[in-house]
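The structure is given below, and queries will be raised subsequently.
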Amino acid sequence: MEHINTYIGLVPLFPLIGALVLGLMHMLTCKTDKYPDKLYGIIACIGPILAFCVSLILFFKLRGMPADSRYLIHDVFTWFAVGDLHVTMGFLADPLSSLMILFVTFIGSLIHIYSAGYMAGEENFGKYFAYLNLFLGSMLILVLGSGPVVMFVGWEGVGLCSYLLISFYCKDTDNVLAGNKAFIVNRIGDLGFVLGMSFLFWAIGSGGFDYHSLRENAHHLAPSVGLIVCLLLFVGACGKSAQIPLFVWLPDAMAGPTPVSALIHAATMVTAGVYMVARFSFIYAHVPTAGTIIAWVGILTALLAAFFGMFQKDIKKILAYSTVSQLGYMFAAVGITAYSAGIFHVFTHAFFKALLFLGAGSVIYALHHQQDVWKMGGLKEKMPTTYKTMMIGALALAGCPLFSGFFSKDEILFSALATGHTGIWAIGVLVAGMTAYYTFRMIFLVFHGKPRDQKAFDHAHEPPAVMTVPLIILAIGAAFAGVLNLPSLFGGSLAVSHWLAPSLVEHHPHVSVWIEITAILASVIAFAIGITIAYKKFADGAVEPEFSGFAKWGANKFYIDELYNCVIVQPYKTTGSLISAFIEPKVTDLPIKFFTWLYKKLGASFKVFQVGYVRVYAIYMVIGLSLMSLFLSQTIN
Amino acid sequence: MKLLVPFLKKTIRKGALDIMVAEWLFTAFSIVAVLGSAGLVLSRHPMNGAMSLIITIISLAGLYALLSAKLIFALQLIVYAGAIMSLMLFIIMFLNIQIKDLPEEKGRFLYLIGGAVLISPFAAFLIKVVKTLPESQTTIIGNGFGGVNEVGLVLFQEWLLPFEIISILLLVALLGAVVLAGKRRLK
Amino acid sequence: MIQDYLILSIILFCIGMLGVISRRNVFTVFMSIELMLNAANLAFVTFARLHESMDGHVLAMMVMAVAAAEAALVLAVIILINKHKGKLDTNIFSLLKG
Amino acid sequence: MFEYGLSFMIFLPLLTGLAMLLLPLNKEVARSLGFFASIIILILGVNLFIGFNGSGGMQYVENYLWIESFGVNYGLGIDGISLMVLMTGAVLFPMVFSLFKNKSKGYYANLLIAQGAMIGAICATDLILFYIFWEVMLLPIFFMIGLYGGEKKLSATIKITLYTIAGSLLMLAALIYVGASYHAQFGKWTFDIVQLAKLDLGGGSAVLAFIMFMMAFAIKIPLFPFHTWLPDAYTEAPTPTTFILSAVMAKIGIYGVIRFIIPVFEIEFTRFAILLSLSGAAGMMYCGIAAIGQKDIKRMLAFSSASHMGIIALGVFCMNVQALTGSLFQIAAHATSTGVLFLLAGLIEERMQTRKIDQLGGIAYQAPIFATFFAIALLASVGLPGTSGFIGEFLIILGAVKFNGFIGFLAATSLIIGVCYMLWMFQRVFFEKSNERTEKFKDFSLTEVLTFLPVILLILAMGIFPQPFIKKIEPSAQLHIAQLYQSEKPEVATITTNILTHKKQ
């Protein structure tokens, strides 16, 4: 009984209530505009902050419990039960989910506060916060759900909010199209998720369809079915976390407001796929084939996205590709069964990527929605706080030693090397170098050198405190979050890994210290090379190059969007128009038209008998009567 | 002779003479009826046809009497022969039909023969059906069978609703006839 | 004996039918129908005699009533036809011709 | 207390409608009369729902011998299978009366007659009685489309009528065959479905009868490729009629399959299940893809409805309890979501005088409440968790996966296909820039909010707390499936085990 805790349900409930209140307020008054923006801002922040408080309470409660039975459950009600299928609307707080909710609510709260400044004066202020709160609630359901189906609720909920927020500026067709793209691509992933859940259920779900029962029954899973389930679920993760081949939506998703990009498309939602794989570690750990596939997909995504990131000129697109790339790392980690390393990277990434996005948001805010890095420059003096905090974020992202990103990324690369995935490790190191290059390319272009657009530069100024304070807090996190999982080489004790251990099924390989040192050295060298090239090329006053050859391909993202458009989208639409314009009116009616034609012909031939004289009709009757009589006479003897 | 007399006596005692009389009467009436109807179908002018039909109707009335249907016998004479047919004759005379007004009907006899051929299977079939019925005598039965009183009782007890409906039908027909025939053109 | 009555009824009925299908004169057609009604009446009365129940008589009366109603209407119609078309031919109407 | 409840629910609207036709009322009076009649039905329906216990058997049974010589009964009763369909028929009608004010008296009368006939068809437990209501159901639809429809109403009317009549005549023939075979096997006549389930049919003639029977329902549902009447009829019909067609009448087709075909033709059903479910999946995909090419919002919704019907039918053909329950639940879910979408599209047409998608745009700014309601119904229609659409769709996909992995995959593609055309439409109607036409779009009036709010809340409630509903339908589904599998007929058993073993490999 000690595992039952009714607080858990409150965590997602607070933001959801907030969303409901804000939504109603906005919906009923948006035409008359009764409430001031401040009121919306305050109400919007209450939910996340309360959720964060409850998360903290839960976290400490879990800490107080013995390590091997560290979980809290709250089964709210039976959601639906059909035959063997028994789905409970329940919440589970264990080390994994408690860590997730802690940083989700923490960063969520900060971004809410930041948004109050960033979005000030926007037309649909209330709607924005309603969506944002709804998103946070869905994300928390995703994380806290006690079974796959409940997770799927949050899974789809965050997808919906992502769609709504991407197409927030919905007067512009492009934004809406980006939203549609995000939702539809996510749905492709969901197809995999749902099918994976179904197979999982029919394999081992009859004893209860929540993580606890599934984990207990996991050994009944046949390897072939296990592989199917794992790959299908991974398709879901691909969609949500933007992996090959479903990564195309994430760069477009930058059409939404910048804080949204920070919260949804960098810190929280996109990492849901990684969380899901870690959640199902009890299955994935038994299916190494699936793990290998995931790891390779992940690391290739990392490589591809890093490559694209090197050629972007939109500051948010650079960060978006960097997100895809980092997500690739995380999948590489969970693929090689280094789940805790993956989750830890999710954790640190949330801090520094949110920081970078919010910093970029400040820059964009200061420059009046200018997003082209080639039109910025020299903002260091004008925006010192933003510069400093973004610098910290960039160092963390690039993997500068002692910053948080360094430890988490290094943990992944080390695990790859230690488990013998040398190829993955090598690509990982390469990507680390590329990451350093494109990150600092961005930093140098934006903050260093001379202003490229003097007019915009003159108007630029540091944003208000409501925006800078979250930046500073996040910067602290980005700088020092790595300490939480310090490997023993640096005198730490892998605290996060140990904390997560009860939730995950993973094996830490024991290898010599030299391998660890090799891994660290390799990534430090890669970082140094990357940053040096970036410094040389962009530190002062580079001009926008004309891309040619391979670089042009990179800048155009290998024309993958165009390819998808040609191969999938256009044929699909054309088929639709073809059906509506040609098949539906012309072809499918053919049988009917044939019958009507036949009837007309038959009618015309029977017309002969209709002479019109009543007497003749009477004769027909008599003929019928006679024939009938002839027939019936047979029956009478 | 020795055999014939007691047989005759027997038959007379059992009313067999009545039966013989009835048979003769039946034969006579039926021949007249058939002739009358044939006259109806064959005659060109409707006046001749109507007169033939009246003959048929009257002989049918005789047949009703033979079947102990006293009331129907009376009604047949009064209503049919008296009212309906005289109405018809009246109309025929009212319209003052000349031979030239009538349709030509050149192939009339051909039609009639063809029609007869067509109808014969039907007739044969019906006769075949009738032949399967049990044979029975049709001596006059007394006890007021077919009398006004008895038929009236049946009519107003068991057949009250149909009777009322028929009365409404008659009313409607009456109105209809008035409306149709009495309509004046308003142009 | 009963059978003879019924056979007579059948013969009359068929002659009536013959009149309906082979004649074009409206009056003759109409009177042929009357003949058919009479034939039916004869059958009714015969069966009433056979079963010694008077329901047949009642039905015969009703047929007479219907015949009377019919006569009233048909004659009205004939008058109208004659008035409008000046003819007594059933073939003047062929609106149903396909 | 509720002994004649079902009869009352059938004949109250039926007789009110007929009386309305005969009496000289003006249309306002007719509308309020219809509104009150439908409210009474609504109350009765809710009362019935609450009083219904989920034991799986027939409840509220009324049974009177009607035509003795052929064993035809006036038999009514509902179980979990008919419950949801009945609720859609009983609950949604008041909306129509409160929303659309400018129709004529005859229109409202026809609506009521349609409702009565539909409830009758749903409650009938006797095949002949069902058949009668089934045919009566078509009459008011015929008049409503033919008299009050759009531009091409006549061709649409003829199309729907000929199609459905053709189907139901085939059904009549099959129905007589079934009755006659019962007479041949048991020596007496009956058309009671419980008795007919004992029939042991087999051989070529049974297959033929099955196909004929199935044809009637396949046309009504409509299953691919018998759907061609649907786009025209749905588009040309006045909105309330479209609403009824999609929300209730199509469902009766599905219901008929479950109620009458599965128990009687077990062998044939199992034999054709794969083919039928493929047809369902094909219809879902075909209509879903066709929807994206539509320029008319109502026509697009028509294809969307057909697409959903495909997947609901697929759930029935999967022959397991999850899929069947899912289908039954989805029947109600789809009625609420697509029904509301049709009504809202009708309101758009009424306000904007156009249904062309490219002439609309930016409605979301002018009418936030309208847009929100539309969005919720739309999300339910694409099966987002938290709305009613998810539960049914999830259960159907789950069951389909058990039935056959490939069919499961096809079923799951509905997740994508649905969202494509819906978002595409939503974008062009509600987002983007508004034009001079849509700038004058009026948001909901209070009446309209009050009309839609209960249904919107129902959509959410069914998504969040589906168990009270599922609890009532699941035992019946369980029972139905058990009958299908535990049938004593050896042939069925082998066929089903073949399918099962084949599936597990």
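A, B, C and D are the chain letters, set down in written order, and residue numbers restart from 1 in every chain.
Everything that follows uses one rule, which is that a residue touches a chain if its C-beta (ideal position, glycine included) is under 8 Å from a C-beta of that chain, and two chains touch if they have at least 3 such contacts.
Bear in mind the structure is a predicted one, so any value in this text is a computation, not a measurement.
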Of B-C and A-D, the pair joined by more C-beta contact pairs is B-C
Express in whole angstrom the distance between the two chain centres, defined as the mean CA positions of subunit B and subunit C. 10
In whole angstrom, what separates the CA-based centres of subunit C and subunit D? 55
Roughly how far is subunit A from subunit D, centre to centre by C-alpha average, rounded to an integer in Å? 36
Nearest whole angstrom, what separates the Cα centre of subunit A from the Cα centre of subunit B? 97
Scan subunit C for residues touching two or more other chains and write them down. 17, 21-24, 90-91
Set of subunit A residues in contact with two or more other chains: 619, 622
Can you name every pair of chains that touch? A-B, A-C, A-D, B-C
Within the complex, subunit D is touched by subunit A residues 23, 26-28, 30-31, 77-83, 85, 149, 152-153, 155-157, 160, 163, 167, 170-171, 173, 176-177, 179-180, 183-184, 187-188, 190-191, 194-195, 197-199, 201-202, 572-573, 575-581, 583-584, 588-589, 592
Interface residues, subunit A side, partner subunit C - complex: 606-615, 617-619, 622
Could you list, by residue number, the parts of subunit B that touch subunit C in their complex? 22-23, 26, 30, 33-34, 37-38, 40-41, 43-44, 46, 49-50, 53, 56-57, 60, 63-64, 67-69, 71-72, 75-76, 79-80, 83-84, 87-88, 91-92, 94-95, 97, 101-103, 105, 108, 111-112, 114-116, 118-119, 122-123, 126-127, 130-131, 133, 135-138, 141, 145-146, 150-151, 154-155, 158-159, 162-163, 166, 169-170, 172-174, 176-178, 180-181, 183
Can you name the residues of subunit A that touch subunit B in the complex? 619, 622-623, 625-627, 629-630, 632-633, 636
The answer for subunit C against subunit A in the complex is residues 17, 20-24, 29, 90-91, 93-98
